Amino acid sequence: MSPRPFFAIVAGVGPGTGRATAIRFAKEYAVVLLARKPENYQDTVAEIQKAGGQAIGITSDVSNPESLTSAFETIAKELPNSKLAAAVFNVNGGFARKPFLELTREELDEGFHASAGAFFTLAQKALPLLLESVPTSPHPPSLIITGATASVRGSARFGTFAAGKFALRALGQSLAREFGPQGVHVAHAIIDGVIDTPRSRSYSSSTVEDAIMKPEAIAESYWHLHTQHRSAFTQEIDLRPYVEKF
Amino acid sequence: MSPRPFFAIVAGVGPGTGRATAIRFAKEYAVVLLARKPENYQDTVAEIQKAGGQAIGITSDVSNPESLTSAFETIAKELPNSKLAAAVFNVNGGFARKPFLELTREELDEGFHASAGAFFTLAQKALPLLLESVPTSPHPPSLIITGATASVRGSARFGTFAAGKFALRALGQSLAREFGPQGVHVAHAIIDGVIDTPRSRSYSSSTVEDAIMKPEAIAESYWHLHTQHRSAFTQEIDLRPYVEKF
Amino acid sequence: MSPRPFFAIVAGVGPGTGRATAIRFAKEYAVVLLARKPENYQDTVAEIQKAGGQAIGITSDVSNPESLTSAFETIAKELPNSKLAAAVFNVNGGFARKPFLELTREELDEGFHASAGAFFTLAQKALPLLLESVPTSPHPPSLIITGATASVRGSARFGTFAAGKFALRALGQSLAREFGPQGVHVAHAIIDGVIDTPRSRSYSSSTVEDAIMKPEAIAESYWHLHTQHRSAFTQEIDLRPYVEKF
Amino acid sequence: MSPRPFFAIVAGVGPGTGRATAIRFAKEYAVVLLARKPENYQDTVAEIQKAGGQAIGITSDVSNPESLTSAFETIAKELPNSKLAAAVFNVNGGFARKPFLELTREELDEGFHASAGAFFTLAQKALPLLLESVPTSPHPPSLIITGATASVRGSARFGTFAAGKFALRALGQSLAREFGPQGVHVAHAIIDGVIDTPRSRSYSSSTVEDAIMKPEAIAESYWHLHTQHRSAFTQEIDLRPYVEKF
């Protein structure tokens, strides 16, 4: 297969949304999968390649600027003639659910770095490339952010997690307003439910069908966001299972 | 062409979103177009039929329960073996932009009846049919609502318009929470911009390309909402041109 | 006691917020209590008078324009030399909590008329008087609205109640933006909890102290809203018991 | 004057909200003023003392945990028999208003540390003391947070500022939900306007009276929040001049 003229980056690939998004975007683009450990992306890369797609996995800590710079250098070498059409930020900081008085300042800072910090770094690398693609990309170049319920609600004992997610959403809004008029689509998705992965299936007690979110369904909405015409961009969507109370 | 097994209703068809939505949904379903005047739907019905689709236009005032009952009787006769897959509420009450002290109580009530009232009536007719379609519909049966900036913001001198739109949004949320768990997808779209119609083009002074919203782009997002998997329903999206300040 | 130069109207007086608000505002103003039945205001009027305050009760259905016009005529006769400093809209439409398909259009319309409709009518009577008081009132003339959780959330089976409350909030926002710059303070309070009345005490099972809202505490916040300096107006506050989950 | 049994901390004192809040709370409590430079609090301390109040100024960088620990040690020595009734977080990180691609990661982190980070540190020191005061404090012990328009809106080129303010709001919500049921009132104020200080007066061109916010008016609302009965706590208020567009 000849190299594809456009590629997408999925930052934060595991068994859930990141994997499904990579597979969905690989139908049209080359895809670059970033994860902290090779085992997080190897199977997905192989699966895409086996289906005739073009995929590259890069071991990278997105929250670390040096590591991300190195990843973008690798991308430039591996895909020299391909342009960036979409970047999906799907990094999930682990969260400390604790009484506030047991938290440390380090846990607060880590939560922030894993979400708003890592996104900031990725966005600074990706936006110049997305701007370059505006005139030629088949769809408006897109920067898509995975948020959570904690992006809009600071629940008890979820303070540090929510602080990071609120900050991430703030950055997403600000970038949508700055880069939208330049033709880049910045969208934020509030994922309000448990995602179907081998791990969540093991602890979910629900026997209701489709009560946990199919990663493929989330990926389909991300693809829709990417393909929206620039006269009708969505800045924010929520996604949740039909049975979810909200 | 053999009659299609499923149909969609578009309530409120004019030259903009309603027309484009009917054309989009007609790719997969028979479509029923409701408007107060035949000239609002005739051309669209003809266009769909010419393209090989199945379309029916019915003259009906959606805000009037008797008129709507009659329209549903006509639908039952015309499409006896077809089931309802989607209903799109796209009725726009004309709005009185006036100093509050010049408004009349009738203008307030009209704004309410044209939005929340009309939607209530349509939803009571459509939901029993949508529930029936849950087991067989190719996509989750859907009830999609066209909202506006005034759905989330009561601007000065827009009080009566906003009152109707806020109330419409309230009903949409309540129905999403009641009927979602039963398999019907209720979604609300905030259209935050001017829509491209012959009339809006005549008064829009913008020379920026795609600065006003393509109805086809809105329709594409409505179609996406309809096709979302039930494990990842969206309750609310915003849609606006890339150049819109917000 | 000599007649007071300013008065406040409390529309919607029963055993809870309305009563406490009348008592609080009577410390500084003459107060007019509007309720549909004399037994709703008689005791409160007597209590205020006994404490040396000035109070008038008027039997009126605020949601009915003719009834309200008549009430304002009575006020003009009874308080000929007093000016309006504050009006508090505290009318609670009874709400039908039902499955949507069992509701009637009449129930929807009643919910709307009892909230947004009644407020509209009161606001049209009160705002001209409040505007007149801007130059002389001891505090910025105020129009204060009692909202509820349903003002910002359309829960399942609460659709008609929420439709009315959302619409009421929309009007409040719109009036705040139109009349704020003219010196009238329009504020909306989201009461997110059960209010302590003889009736609610009878069915509340909570044994936690202060778990239901003291009407006097709500009234104190309404008084604060009224006394805010015009350089720092609040448009919306929430009020809930310290133990309330939200 | 005998030492007062309760004290309030105002963290972040300059010529605006912090100063006015200290003066307002000094009517009932001893007050501790924290600022990075003595010149920021010296005059206010003197003014309070001259009026017969009890005030202490401490030079401290609230965003620095060691500096804050040292400040609390000083407080314990200076006010050995006084209990904490209220803490007001009023620290304003300077903000970088820049195109996103010109920002550095350090600027993002600084914005976060100056707002959410500093608040986290203050809250961890203050909350144990506030909890201790629950049984005896004349009003519910309070933790009050100064927010801004950027707490709820990520504007173009305000990304790093908004990220910090959104995160701060998230922490405030989380603490309100965790500590409210324990009797501590955590409230967040969205200050949506320019505050009247010598500096803002010098660049404000408005000739409209009261178009910029009086710090005393903000302080009065903070005092009201502090004195709210626990059966009717406010979690969030907005404050803006009557002429402000919003």
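Note that the chains take the letters A, B, C and D in the order they are written out, and that residue 1 is the start of every chain.
The rule is simple: a contact is a pair of C-beta atoms (placed from the backbone, for glycine too) under 8 Å apart; a residue touches a chain by one contact, two chains touch by 3 or more.
For each chain, UniProt lists the protein as follows: A, B, C, D = Short-chain dehydrogenase.
Because the structure is a prediction, the values reported are computed rather than measured.
*Asks:* Compare the contact pairs of C-D with each of A-B, A-D or B-C and report the one sharing over half of them by residue number.
*Replies:* Going through A-B, A-D or B-C one by one, only A-B repeats the C-D interface.
*Asks:* Quick one: report the Å distance separating chain A (Short-chain dehydrogenase) from chain D (Short-chain dehydrogenase), using the average Cα coordinate of each chain.
*Replies:* 35
*Asks:* Roughly how far is chain B (Short-chain dehydrogenase) from chain D (Short-chain dehydrogenase), centre to centre by C-alpha average, rounded to an integer in Å?
*Replies:* It comes to 47 Å between the two C-alpha centres.
*Asks:* Could you tell me the distance, in whole angstrom, between the mean C-alpha positions of chain A (Short-chain dehydrogenase) and chain B (Short-chain dehydrogenase)?
*Replies:* Using C-alpha averages as centres, the distance is 31 Å.
*Asks:* Counting only residues that touch at least two other chains, what does the list for chain B (Short-chain dehydrogenase) look like?
*Replies:* 177
*Asks:* Strictly by the criterion at the top, what is the full list of touching chain pairs?
*Replies:* A-B, A-D, B-C, C-D
*Asks:* Applying the document's contact rule, which stretches of chain C (Short-chain dehydrogenase) touch chain B (Short-chain dehydrogenase) when the two form their complex?
*Replies:* My answer: residues 65, 99-101, 103, 105, 108-109, 112, 116-117, 120-121, 123-124, 127-128, 150, 153-159, 162-175, 177-179.
*Asks:* In the complex of these two chains, what residues of chain B (Short-chain dehydrogenase) are touching chain A (Short-chain dehydrogenase)?
*Replies:* Per the touch definition, chain B (Short-chain dehydrogenase) meets chain A (Short-chain dehydrogenase) at residues 140, 177, 180-181, 183, 185, 193, 196, 210-214, 216-218, 220-221, 224, 227-246.
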